[in-house]
Amino acid sequence: MTLTTDLTSFLPEPAVIAAQVAAALAEDVGAGDLTAALIPAAQRTRAELITREAATLCGSAWFEMVFKQLDSDCRVSWAAHDGERIAPGQHLCTLEGNTRAVLTGERTAMNYLQMLSGTATRARQFADAVAGLPVRVLDTRKTLPGLRIQQKYAVRCGGCDNHRIGLFDMILIKENHIVAAGSISAALAAARALNADVAIEIEVESLAEMALALEAGAQLILLDNFSLAQLREAVKLNGGRAQLEASGNMNLATIRAVAETGVNRISVGGLTKDVTAVDLSLRVMGG
Amino acid sequence: MTLTTDLTSFLPEPAVIAAQVAAALAEDVGAGDLTAALIPAAQRTRAELITREAATLCGSAWFEMVFKQLDSDCRVSWAAHDGERIAPGQHLCTLEGNTRAVLTGERTAMNYLQMLSGTATRARQFADAVAGLPVRVLDTRKTLPGLRIQQKYAVRCGGCDNHRIGLFDMILIKENHIVAAGSISAALAAARALNADVAIEIEVESLAEMALALEAGAQLILLDNFSLAQLREAVKLNGGRAQLEASGNMNLATIRAVAETGVNRISVGGLTKDVTAVDLSLRVMGG
Amino acid sequence: MTLTTDLTSFLPEPAVIAAQVAAALAEDVGAGDLTAALIPAAQRTRAELITREAATLCGSAWFEMVFKQLDSDCRVSWAAHDGERIAPGQHLCTLEGNTRAVLTGERTAMNYLQMLSGTATRARQFADAVAGLPVRVLDTRKTLPGLRIQQKYAVRCGGCDNHRIGLFDMILIKENHIVAAGSISAALAAARALNADVAIEIEVESLAEMALALEAGAQLILLDNFSLAQLREAVKLNGGRAQLEASGNMNLATIRAVAETGVNRISVGGLTKDVTAVDLSLRVMGG
Amino acid sequence: MTLTTDLTSFLPEPAVIAAQVAAALAEDVGAGDLTAALIPAAQRTRAELITREAATLCGSAWFEMVFKQLDSDCRVSWAAHDGERIAPGQHLCTLEGNTRAVLTGERTAMNYLQMLSGTATRARQFADAVAGLPVRVLDTRKTLPGLRIQQKYAVRCGGCDNHRIGLFDMILIKENHIVAAGSISAALAAARALNADVAIEIEVESLAEMALALEAGAQLILLDNFSLAQLREAVKLNGGRAQLEASGNMNLATIRAVAETGVNRISVGGLTKDVTAVDLSLRVMGG
Amino acid sequence: MTLTTDLTSFLPEPAVIAAQVAAALAEDVGAGDLTAALIPAAQRTRAELITREAATLCGSAWFEMVFKQLDSDCRVSWAAHDGERIAPGQHLCTLEGNTRAVLTGERTAMNYLQMLSGTATRARQFADAVAGLPVRVLDTRKTLPGLRIQQKYAVRCGGCDNHRIGLFDMILIKENHIVAAGSISAALAAARALNADVAIEIEVESLAEMALALEAGAQLILLDNFSLAQLREAVKLNGGRAQLEASGNMNLATIRAVAETGVNRISVGGLTKDVTAVDLSLRVMGG
Amino acid sequence: MTLTTDLTSFLPEPAVIAAQVAAALAEDVGAGDLTAALIPAAQRTRAELITREAATLCGSAWFEMVFKQLDSDCRVSWAAHDGERIAPGQHLCTLEGNTRAVLTGERTAMNYLQMLSGTATRARQFADAVAGLPVRVLDTRKTLPGLRIQQKYAVRCGGCDNHRIGLFDMILIKENHIVAAGSISAALAAARALNADVAIEIEVESLAEMALALEAGAQLILLDNFSLAQLREAVKLNGGRAQLEASGNMNLATIRAVAETGVNRISVGGLTKDVTAVDLSLRVMGG
C-alpha cells in the first residue's frame, strides 16, 4: 500500500473541477475569442506539452478539462502525472483536438498547469529540504482567494501536508481567543467543550505560555516565531507530550535547521501565498 | 486633471467585488469558524493594519468588503490608498467591528490585500525601472485563474498598463493564425475584415517577418523573443510606422535595456503569473 | 463564561442565510403570489407568532430574513430566542410590515421555523434523557439534502452536539476501508499518515475488533449496533483509553440505558433524518 | 391508458435533478472525502440496496444521479421502481462502480432515497386510508425549504395528489384577503378579475361563510378546521355545487371519517412537513 | 377598490429584479467601463428622463435598480408611473447620482425601460382596440428567452391580461395530446384526473371538434385559426357553456372584429414575440 | 478563404449556450409541464421545422440545445444553416426524439429561433440596402437585457457587423466626457493615455466639433444626427483621415442615401432594440 503517491484521493470531484474551469474560461473568453475566426472551423491540430525547467507536475485534470469543455472530442495523452518530478525538455502530454479549441483554451489551461506546478515544485523543495527528518511540512490558510483547494492539492503533489482547509475543520486558539477566555487553560477547556472531533491547536509566544498549555493538556501547540534555541528548549520541555508546530517566516534556507530542533510540524505560509509559475510550453503543430 | 492617479475607474463595480469576497469567505469559513465561539458574541474590537515592508498598496476595497459582509456595522478608516507607496511600519487603516467578525474575516481580507499589493509592488518596480523612457509596461493573460480583473487592477495601481483583458477585446495574430490564413498579409486582411474597432496586433519572430507585417500595414507588432540588437534593428526598420511591443522573459534586470532600444511597449508575464505577497500585519486589540 | 448557551457562534454567516432564504422564496413565490393583489399595495399589518405546543425554539434568523427580503422596512421583535424552551401559547415575536410581504412570506418563514424548532425540540428530548450523565449525544450525516448546516445548528440549539459536518472534516474508517487497508492497524496507520489534524474514528462490530483497534492506538471508536451488555463490556475493556461512541437505532426509550453503560458518545441518526414540525401559529392582524 | 401509474411525468427534468444532487454532494463532500484515500483509486465494487421495512419507493433518479456524478461509468440496475410497494428484505437495486465513488456518495444517495421514500410511504398510508371513497388527498405548501418539488413528486408516488405548487399557480383567498376586499363576494370577484385560468379557492371558517361563498359562485371552498358534523352539514348545504376541501390537523386516525362526510378533497400538512426516513440499507461488497 | 390599476402586485419581488439587473449590468459593463475614467470619480450629476413619443410607461423598477446598484446614494424621483399613458415631451423622472454611475448605467436602464414600455404600449393598443367589449386580450408563451415575467408584467401595464406563465400553471391540450389520449373526451378526462386546480384548456381546429369538446364538458376552448364566420358559429354553438378563446395571427386591424364575434378571450402572440422599443431620452446635465 | 460566411467563430462556446438554454427552460417549464403526462413516457416522435416566410436563419444551436437538454438521445438534422436565406415553405430541419421532450421544448426552442432569425432577417435587409457600397452597417448596445451576445451573433448572421460588445471593449467619448475633460482634444488625449489597444471613438454634433476632433487626431468619429448634407460635408472635410460613423434614427428607407454620402460606418439601433419574430412552424408528427 503506497498511500503517499496516491494523490487522486486529494483531487476535487470532477464536477468541482468542471465548474472551476468554466469560470476561468468565462473570464478569458468572455463574449468570444476575436482571433479564432482566422482558423477554419473544422481544422484539427496536435499539440505537445513540454517543460522548459525542472519541476514537479500538478494540475493535469484542470488542463485537460479546459480543452474538453471547448471540444468534447479532444484527446489528451499524458506521459507524466501529477506529483512526478519532470526534467527540462521532458515531454508531458500530447493534445489532439479542434484547432480553434486548442488555441482558445491554451492560455487558461497553461495558467492552471503553470501555477499549480509552481506550487507543487515549491512544496517539493521544502519536502526535500527536510528529507529524512521526522517532521511534516504544512501549508496554511495564506492562499490565493478562490484557489485554496487547488493549492492544497498542489502542496500534496509536492510531498508536503495540508494544515486545516479553513476555519471549519480545526480549532486554532490564538492570542485573542485566550484573552477572551481568560487564560490558556480556560480557552482549551472551552474549545474541548465545543467540539470533540477536530484537532485543537493553541498558539503560544513563549516557553512560559507553552508550559501553561502543556499543563492544560494541550496536544498540539503552535510555537509562533520561536528562535532555534527556543525551539530546542521547547522540544526538551515538551518531552514528547504534545505535537509541536514551528511557525513564522520559514524559508528554504532555514527549514532544515528548524526541523532538526525536533519539532513535529513546520507550517510555511510561503508555500501558497507566493507563486512562481513553472515554465511550460505548449507547441501547437498547426492544421 | 490627473488621470494617472485616478485608479477608481479601474476598480470593478461594488456588486462584483461583493460576489468575489462572498466566494472567498465561503471557501474559508465553510460550515462555520469553529474557534469563533471562544469570543463573546457581542464583543467589539479595534484592529490596526500596518505594513512590515515597503510596498505599493492595492486591494483596500476587497479588504473592507470582507469585514462589511461579516458585520454590516464594521467601520474601516483608511490612512493610505490603493496605488500609494507605503513604508515599513506605516499605519494603513484602523478597523472597528465585532470581534468575531474581525477574527473570522482576517485571513481572507489579508489574503486579498497581501496578494494584490504584491502584484502592485512588482508592477511599481517595473514602472520605476523604465522611468523617464517613453514606453508602456503591459501585463499579459498569464494570470491566476479567477483573479484576472483583480490582478489587472493591481497592475494599474503599480503604474503599469493593461494589455487586453481576454480573448474578447483585441485581436492578436500568432503563428498558427498566420499559417491558417496563408501569409502575414492575408492574416492581417482577414482580421481587419472581422473587426474594425479593436487593436489588431501581429506576432513576428524575425526582422523579415516584421518587414512583411509593416508592408501589410500592421499598426501594432509583437516582437517575440528578439535580442536587444534585433530590437534596435526593428525600431530602425520601423521608422515610427507601427507600435512595437517587445515580449519574452522580461525581468527587472533587463527591462531598462529593452526600453532603451526604443520599443513602444513591453509586455511582462511575470507581472501576474508570479505572486509575492506583501508582508502586512493586522494587530487586533482585543475586547 | 457560559459557552453552552452562546448559540450564535454556530449560526451561519448572514450572507449564507440570505442565500438560503432567497432560494426558498423563489421556490414558493415563483412568478408571483397570485393572491397578493387582493391586498392594497401600501397596507401594513402586525402579526404575532405564538407556539401551540411545548418546544425548543430554533430558526429565528431564517424567519426574520424571509420578511426582510420581501420588505426591507419590516420589523421583528423577538420575545424568545433560539435554544429557549417555549410553552404552549407563549408569545414568540411580533412582526410589523407590509401586509402583502407578511402574507407572501408567511409560509416560507413558518416552514423554516417549524422544521428547525422540530429538530431542536427532538434534540432537547435526547439531551434531557441523558441529563446528568457524562455523555455527548451527537447527530450524524443522515440529514435532509440541502439542509445540513441548518439542521446541525438546530441540534446545537436543542443541547446536543455535532458529529462531523461532512466527509471533509474527520476520518471515519468503516469496514470497507479496513478491508482495503488489510487490517485495522493498517487502516489506522494509513489514516494517521493522511491527516494529523482531524479526529480519526474507527468503526468496529465486535469486542474482538475493538481490542485490535485499541492495540493499534485508536483514540475514538464507534461501536456499531452493540447490545447493552456488549457496551458495558466494551467500556470495561477500554479502561478509559479511547473515546467510545455507541451507534445504531438509538431512540428516546433506550438512550439513557445506553448512556449508563459509560460510553462517551452516542450518535443518533433520528435527530436529523426524521422531522416533526412544531405547531406554531402566526396570527396576522389585518390592515 | 393508466395515467395514475405513470409517475415519470411528475419527475423534474434531468438537468434539475443534476443540479439538486450537485448541491447535496457539495454539502457533504466539501473540500474532499478525507477517508477515501484508504481505498485504492482504481478499485471497483458492487453494492446491493435492500429495504429493511415495508415502504413505498421514491427517489431512484436522485440516488442514481449521485453515483453518476462521482463516477460516470457507474451502473445501477433497478429491480423496483418509484411508486412501488416494497417489502422488508426486498432487493431494490444493484450498483456497480468505483469503490471510492460508491463510498463517497452512499450517504447523500441514501439521504435522498430514505427521505423521499418516507414521504411516499406516508402518502400511501393516507391514500390507503381513504381507499374506495371519491376523495382526493392533497399535500400543502408546508414543505421542507428547498425540497418542495421533490416532496410533491413523492406525494404522487404515494398515490396522493398535489395541491398548488406555490403561490404562483392558484389563488387561495384567506381571511386577510377577504377583510381587505370587504366581503367574500368582493374578494371572489376581485380574484376572478385578476386571473381566469387558475383555480380560485376560498377559505371559510363557518357554515355561514360557506353559504356566502356559494352565493358568490365559489367553485372551490376550503373548510378550515370544521368538525365532522360541520363537514356533513357543509356537504349537504353544498348540494354538489362547489368542490369542498377539508383541512386542519388531519391524521391517519381521522381521515377516513372525514372522507366519509362526502367532501371532495382533504389537504394534509403532515404529508410533507413531517418526515420519517425509511430504513434502507446499501450493502457494499468490497473491492 | 381599483384593482385594475394596482399593478404593483404583478411586479416581481425586489430580489428578483435585483438579480435581473445585475445580470444585465454584467453583460454591458463586463471588465469595466473603459470610458468612465474621463469623468472625475466624485462628480455628481442630474439627469432628466423624457419620452419623445406617446406611449404607456413600464419598467421603472428596473430602471431605478440599475442606478442603485452602481451608486447606492443615487436618487430617482418619478413623475409618471408604470401603466400610465405618457405624451411626447413629457417629463418622466429626475435622476441624481454619481456621474460615472449615471453614464455607465444609462444604456442598461434605458434598454429595460424602452423595451418594457414598448410591450406595454403595444398591449395598450390592443386593449384600446377592444374597449367596451366583454373580452380579455391575453399574451402567450411566445416571449423573449429570459424576459418572460418582465414581459408578462408589461402586458398587464398595458391593460391586457396574462395567459399561463409557463407549462407549469395550466393544462393546454393540443392536437398531439388528443391523439395520444385517443379522443377529445379521453384527453379531457385524463387531464382532469391529473390536476384539479388549474384551468384545463383544449385546442380545437373545427366546429366539429369544438362540439366534441363541449360534450366532454370542456370549460375553456381554444379556437385555433377560426375565421370570423366560424367564430360567430362557435359562439352560437357554445351557448355560453364554455369560455371561448380565439387565437391565430391576431393584429390591431382584425382584433375588434374578432372580439365582436362574442368570444371571451383572444390570445395574441404579437404582444410579446415582437418588440418595438419606445423612444425615450435621458438628458444628462453634466458635473 | 471565405471568412464572411464562417459564422461559427462568432457563436458562443457550447457551455455558454447550454447555460442560456437551461435558464430559458427553467422559465417555461418551472415545476413541470402539466400537460406532458397525457403523452406516454416512452413515445418517440418526428417533427419537421419549416419557415412560413422568407427570412435569414439564425439560432440553430439554441434550438437544438433545448431538445438535447430534455432528451439526450434526441437527433436534429439540419437542411439549412445560420446565415442562410430561407424561402417560404422551405424545410429547415427534422427533429427526432421523445415526444414529451419535443412538446415540452417546442416553445422555448421556437422562441429562440424565431427571435434570432428575426434579428438576422432585419440585419440582412440593412446589409442588402447598402449592397455594393463601401460601408459597414453596425449594431449598437441597444439590445434586449440578457440577450446581447445572442443578438450580436444574429446581426453577423444577417451580414452586418458588430459595434462594441459592451462598455469594456472600446472607448466612446460622448458629450459629458468632453465637458468633464475640458475639450475635445483633452478628452482624446486622456483616452489615449488610458488605453492603447481599443478603438477610441468620439461623438460630435456639428461640423465644427468634427473639425476639432480631426485636429486632435481622432481616428474614429461618430456623427450624431447629421443631415445628409452635413454628412456629405463631413466626408469632404475629413478627406479620408478618420473613419466616419453616421448615427441616429437610421431605417431601411434612408440608409442607402446615408451610405452614399461616403461615410465608412452606419450604426443602427433598430437592428437590436426592435424584434420581429420570423414565422416558423414546427410540425410534430405524433407518436
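By written order: A, B, C, D, E and F. Residues from 1 in each chain.
Please note the rule applied: a contact is a pair of C-beta atoms (placed from the backbone, for glycine too) under 8 Å apart; a residue touches a chain by one contact, two chains touch by 3 or more.
Computed from a predicted structure; not experimentally measured.
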Intersection of the contact lists for subunit B and subunit D: A, C, E, F
Joint neighbours of subunit F and subunit C, given as chain labels: A, B, D, E
Same-interface partner of D-E, chosen from the options C-D, C-E or A-C, over half of the pairs matching: A-C
Centroid distance [mean C-alpha coordinates] between subunit B and subunit A, Å: 23
Subunit B-subunit F separation of Cα centroids, rounded to whole Å: 33
Averaged-CA centre spacing for the pair subunit E and subunit A, given as whole angstrom: 53
Overlap residues in subunit D, where contacts from two or more other chains coincide: 3, 29-33, 36-40, 149, 165-166, 168-170, 181, 190, 194-195, 198
Complex contacts: residues of subunit B adjacent to subunit F: 1, 3-4, 136, 161-165, 168-170, 181-182, 186, 190, 193-199, 201, 220, 243, 265
Interfacial residue positions of subunit E with respect to subunit B in the complex: 22, 25-26, 29-33, 36-41, 69-70, 72, 100
Touching residues on subunit B, where the partner in the complex is subunit E: 1, 3, 6, 8-10, 12-16, 149, 152, 165-166, 169
Complex contacts: residues of subunit B adjacent to subunit A: 20, 23-24, 27-40, 43, 45, 62, 99, 103-104, 107-108, 110-112, 114-115, 118, 141-149, 165-174, 176-177, 179-181, 187, 190-191, 194-195, 198, 269, 273-277, 284, 286-287
